[in-house]
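Next up: the structures, one after another.
Next come two complexes built around chain A: one with chain B, the other with chain C.
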Partner chain A sequence: MTRSTERIDAEPTERTPTAVSQPRLGIIGWGRWAWRQLTSMRTALFLLLLLALAAVPGSLFPQRTADPNGVVQYFKENPGLAPILDKFQVFDAYTSFWFSSIYLLLFLSLIGCVLPRTVHHLRAIRTAPPRTPARLSRMPGFIALDLNDDGKATGSAVTAPDAIAAARSLLRRRGYRVAVFEGAQTKDSTELSVSAERGYLREAGNLVFHIALLGILITVGIGGGFGYNGNRVVVEGQTMINTLAAYDSFNPGRFFTDAELSPYSIRLDKLAVTYETQNKDARGLPTDYTATVTARTQDSRNGYKTTIKVNEPLNIGGTNVYLLGNGYAPHITVRDPRGHVVFSDFVPFLPQDSNLTSLGVVKVPDGLQQQIGMMGFFYPTKAVAQNGAFYSSYPDVKAPMLTLNVYSGDLGLNGGVPRSVYTLDTSRLKQLTGVSTGVKSIELAPGYSQQLPDGLGSVSLDGVSRFASFQVNHDPAQGWVLLFTVCAFGGLLTSLFVPRRRLWVKAIGQASGPLRLEYAGLARGDDPQLETVVETLAQNHIEALRNRDPGASDGRHPEEDTRRTT
Partner chain B sequence: MTDTLSQLSLLLIIGAIAIYAAAFVTFALDLARRRSPSVTVISAVARHAEAETPTSTTRLANAIGNTGVLVRQSTTSADAHEERPQTSGVLRAAFVLTLVGFGLHLGADVLRGIAAGRVPWANMWEFSMTGTLIIVGVFLLVTLKYDLRFLGTFVIGLVLLLLGIASARYYVPVAPLPPALQSYWLVIHVIVAIIATGFFALGFALSGVQLLKARRERQETDARPPQFAFLRTLPKWAALENLAYRMNIVGFILWTFTLIAGAIWAEKAWGRYWGWDTKEVWTFIIWVLYAGYIHARATRGWRGSRSAWLALIGFSAVMFNFGIVNVFFKGLHSYSGL
Partner chain C sequence: MFARNDRDAQAGRLRARVRARVVLAVSTALLLSLGLAGCTNDALAQQYRDGSSKNYVAGDGSITEITVKNRGKPIRFSADLEDGTPITSSAYTGRVVVVNFWYAGCPPCRAEAPDLEKTYTAFSSQGVRFLGVNVRDQAATARSFASEFGITYPSVLDVDRGTMQLAFSGVVAPNAVPTTIVLDRNGRVAARVLGKIPDASVLEALITTVLKEPSQ
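Coming up: the complex of A and B.
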């Protein structure tokens, strides 16, 4: 109720005494009052602006979902402030209680607003346009003229019913809903008018838009609840299987069950990367990544070859597989002093810069006298800075080099605490090589091996492959989200650009004197064309009257659907 | 080849900046001249031109012919200028300068595109160049329908400011597209965002002038000394507000499309259609702000100056999103090329 009177183009209605003037409210009264406040246009506006404001902090502070390392970093840099901010869920801003409450209130308000409007609109569609205002001269685009056609041209003088019949058919032909009304009748004047309305689609579009927003919210929620996404690093030649255990990281929705993981596997045959070589301003910029893979599903057990590229995910088993990252995985072998292999594998190194200087960790828990860990850098194209430090000068493998610092002691693998394969906890390790120890770090080119310090054994770099970092995504409601989005967009277009307006033509027949014709309109919502439309209507109406063919005024007598005004 | 073309593009853009600067001064001169009442007299040329094109009123009168007598026709108070806008030679000169500047600007943009072998909107420099081009383009386009030349000072001023900042801070040589940007969504998503920005810019200028004008009208009704004499010749605030609204809703529709297209692209490129990445957040904030503006305009007590302030805030957010978020905020959209 509040809504319709608060809208700027609302029809003035007599308001029933509001709650304010009632002495006692009671619980129901208060509830009704609260609901009316919540669903008022002003509240909707306030909540919208609040939503915009509440979205800001999440862009200023790192978010756990998008940038977990940033959060860790923030905690390190602001040890005093971070925990307080964390209490207010600043690092999970978009799932925080304050953000959620704003949008939930907004959508509650939306429901409270759209439901009555829908009912109102459905009723409006079925009822005839409201009666012509008594004084059209107050309305926009008002035109009045006296018709002094004496009937010489057409054989009979134009009467009020003639004029109204012509106006009625003119308006109907233009898609207006019309109703004819009889106005004040006196001895020497009769008043007839046609009231026309068009643009019901405008309000319909508006309702579709708002309802579709609700649809988007709900389907996004469902998708998040039942979907999952996971990441997996795959080295060339390796296969990933779509099982929970195969993922490096996995984010299930609240209602996820294992059964949703459809069985398939993907082998990364090759990851081809092209770099810019011609443009001297952009040398070494990657211009293409193509992962060639062999995919196997239950339907195609022998597998089929296909490719995954950035912007071109692979659709398989109800999931999408994206190529999100890449890097190098040196193949490293560690032998004990007698030459027995104790470790041999591809170790993905994480890129640190655009020339793919990469950081990695090797952990050898068994087979040597002590547990050892090695941490170091891989440079695809080694270069030496003036201070003697290595760096990579080009992202492709031109002059590869691996450096490793060796640590021995307790790797902390037996504590039951999950450890990332990309980090080395050095708190219980002793550094054996590197600057502080006086022992030179291990430096290896492919095909070479070197002794570990303290006679622990040897380490060799056998070769280098690329790895791809894949993300697997499953969102069962995505199609629905898209559908509602399209509805919202369509509704928005209709609601902003379909003009909704009323037009009136009034004919006042005077016993003595000319026939007075009046035209006016009223826009409901923004309507830049209104005045022009009224003028054109007047113009066409007069032309129609002048060229009229008596008796051919669409076959119906205007009295048929005339309503008497009181 | 690439080098020559991109250098030529740079030369053209410098030329465009020079011409825009001249246009800006001329537009400002026109506003200043509007103070003196002597030039508000309609020039003979303009009056002549008016007689040539039948207005709707004369058309209506013709239709009535000798059949009837027009008793009354209300003219919209909202659309009428307070005083007839003069078509001064200065204003025309400013407009011609803008057209010339636009020509050079367009040339610069196209050459940059050819040099890069792709659409010229893939890094901050190119966003700035194409963005300002579109702002001027939208201004010229809308002027075909509504005479908004009085906004020239504001629009060209804004464009000069942006181009100045861009050439000082954002210039980067041509570089190939990184794989993440190799998508037709780059073409669609970004250009629609830029066009939306063009409409928002006009809406911003109109809302700004509207606020000034509303203040002046209040000063006049309160019989206080009115400020900014040039405002006298501009449309009434209600007419300005209608125009601003029209610009802003076109911008809003395009922005909505940008948001949707961005989500579809994000789904293709990053595996999720929405992830509250900083750029996504700001696109959303802008969208909500303009939705707020539309609501405000439909709410009793908010139409007029209050909703105009929201339009100003909305456009500030657009500029913030472009100039600050792109460059200084960390996120997946790190394509500024800086």
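Coming up: the complex of A and C.
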């Protein structure tokens, strides 16, 4: 962020001869003082730094908007500290009062800086370059030389108006804005000068940068307000629909309404995962995930096939559908003692490590004497550790094994109270298998079946499918954010690389003696090239004067024309 | 004298400029704080922020009734029942239909099941049809649920094809599990309850209203 040096920050204050102390400030005075402090460069930089600092807690602590389960976990692990942190809105860092205040002040500071500068710049664009200084010799890059008669191609002598007209067209061709001024006229000398300025784009670029920054802030806010994102786990062969009811979890923006959900469905036909098999060091690392899906909108009769990859979302109905995660969903069937199927489903098991040892919960609420819950692990490639424990040694399904501990009793589903599908509330359940009971846990390979304890029935593993976890993202302001980002970048580059400078050429015609030419410049902002530019200008000007065709003067300057005719 | 006037005019301009800035600043602050602060009370957002991993979007029991002239287009669908029988919306033309979106593992669905069955028995003689749409389960699980709660109306298994959910999505969509939708005789959405129906009498009242409408 840079601010123009020409911004006048202090209005001249009236001074009475007796007043020694500072001028007294009224309410408006103090307000003006506060406003000036807020909109000063120093404050803006400080606020920007503070904003970066205030964003740190957001990455140190789990955030409710991004990771609600993490927050629940944090409360469990730190029961003393968490409520205090919560008072300070640490789990909602980006909408907290302290973050918002910094953000708002920065916003105001930006507006307060940009608006007056825009007005000032618009005025500057419309005014001509300022009058040539009386003594150019005090300016940087000053060059003075006398134009001698030698080397002239033609017979006519170069007059001051000729020289200035040539300088004027030379500067204009280089993109300078020019104005011709008449200097002091005495008996034996006439003085004429051209004042030129370039680089208005530098300030314009700077303003565009600041305004685009504001634009990004506003559009990101609006986009977040009207957007939404939702997550859904879909097993191969199943379909998700873009309605609220179909989501596992859904995070709406502030101004979200149901009507924003455009109706479409996505069926996961297959999730193909490729693993590294050659490189010994990276064996088992996934190299590619490809979800083959059939997408269908409400008005179309048939769907179309397409793929979703990790960083290649599917764009449908104004949303982007991302492939976020994957895992296994064993197909588990439970039969009652008479052999009737009472439960059959693909149950997603959540991966716990890179070899996809997965943890899952199966709830069978209906059809048996008692409700049963089963909690266990799925190992895509079973291996046995030295202590006898199972683990998975490879993420692909090579030697799958499902282990389950069985509980019976009340699953807590009938009270109408929401329960996590990934945990088993064992408070009203009796454990039937596992270490503490003395009954061996159930171990199943695909195609095998085993009896449940207490003659409850049997359970079988019928197969293993993969599941994909999709995130659906809707951000209506995305295009605008991109536009403003491009503008900000363009503006910044322009303001960095366009030099802003003034150049002057003065011609002093002396009654006795040669024509005296003076050149000088003034940098506005950093301009290491200034002296070279003045030198080049002088050279080119002299060359132009020497090669000049006396008849073809492009004297557009009325003064010059009148002089010529008289 | 001239200088004095000039200074006054300058001061006036300055004051006007300051006032304009203050107005601008205050209005911007208001606008932003509205946008930033008023964001934690929404029930839908709260469900997400709770992080309960209950894996469905719950309804708040809110009821929407749509007057005859404001109703949308008739809903067309075709799907398969639990036992594999294909059904289409045309089979229901001329009847009031109650469509309930559910699955076995969803606690509020279990809680409202007896009320639904009771209402179904009470209204079936008046030609009202009930149709369940199971959004998550396979056939066996759905059948066990039906026998557990003595449900006698059929259900569509929608987890694999999703045709029912897609047909009903749009303006008055099933936006929670469970959702209960009442279709009028022309197959248009006449009422919707998001979440567990508060009471059997509420559903009865909704059905009665639609039944009383003259058939067109």
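Going forward, the second predicted complex is superposed on the first by the 446 of 566 C-alpha atoms of A that agree within 3 Å, B and C clash if a C-alpha of one lies under 4 Å from a C-alpha of the other, contacts with A are read in each partner's own complex, and residues count from 1 in each chain.
We take it that contacts are C-beta pairs under 8 Å (C-beta built on N, C-alpha and C of every residue); 3 or more make two chains touch, one makes a residue touch a chain.
Remember, it's a predicted structure, so these values are computed and weren't measured experimentally.
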Touched partner set for A:V220, first chain B, second chain C, both or neither: first
Chain B versus chain C as contact partner of A:T437, first or second or both or neither: neither
Touching partner for A:T65 - first (chain B), second (chain C), both, neither: both
First, second, both or neither for A:A259, with chain B first and chain C second: second
Chain B versus chain C as contact partner of A:T306, first or second or both or neither: neither
Touching partner for A:E531 - first (chain B), second (chain C), both, neither: first
Touched partner set for A:D345, first chain B, second chain C, both or neither: second
Contact residues of chain A, present in both the chain B and the chain C interface: 65, 67, 70
Of chain A, residues touching chain B in the complex: 6-9, 41-42, 44-45, 48-49, 51-52, 55-56, 58-59, 62-63, 65-67, 70, 93-94, 137, 140-149, 220, 229, 276, 279, 281-282, 285-289, 309-313, 320, 322, 324, 471, 473, 475, 478, 481-482, 485, 489, 492-493, 496, 514, 516-517, 525-526, 528, 531-532, 535-536, 538-539, 542-543, 545-546
Chain A contact footprint on chain B (complex, rising order): 2, 56-57, 59-60, 63-65, 67-74, 76, 79, 172-180, 182-183, 185, 242, 245-246, 249, 252-253, 256-257, 260, 263-265, 267-278, 281-282, 284-285, 288-289, 291-292, 295-303, 310, 325, 329-332
Chain C residues touching chain A - in the complex, by the definition given at the top: 7, 14-15, 18, 21-22, 24-25, 28-29, 32-33, 35-40, 42, 44-45, 47-58, 101, 104-108, 110-112, 135, 137-141, 144-145, 147-148, 158-163, 165-171, 173-177, 179, 196
Chain A residues within the chain C interface of the complex: 11, 14, 28, 31-32, 35, 64-65, 67-72, 92, 95, 100, 103-104, 107-108, 111-112, 115, 221, 225, 237-252, 254, 256, 258-259, 261, 263-265, 267, 296, 298, 333, 341-346, 363, 365-367, 412-423
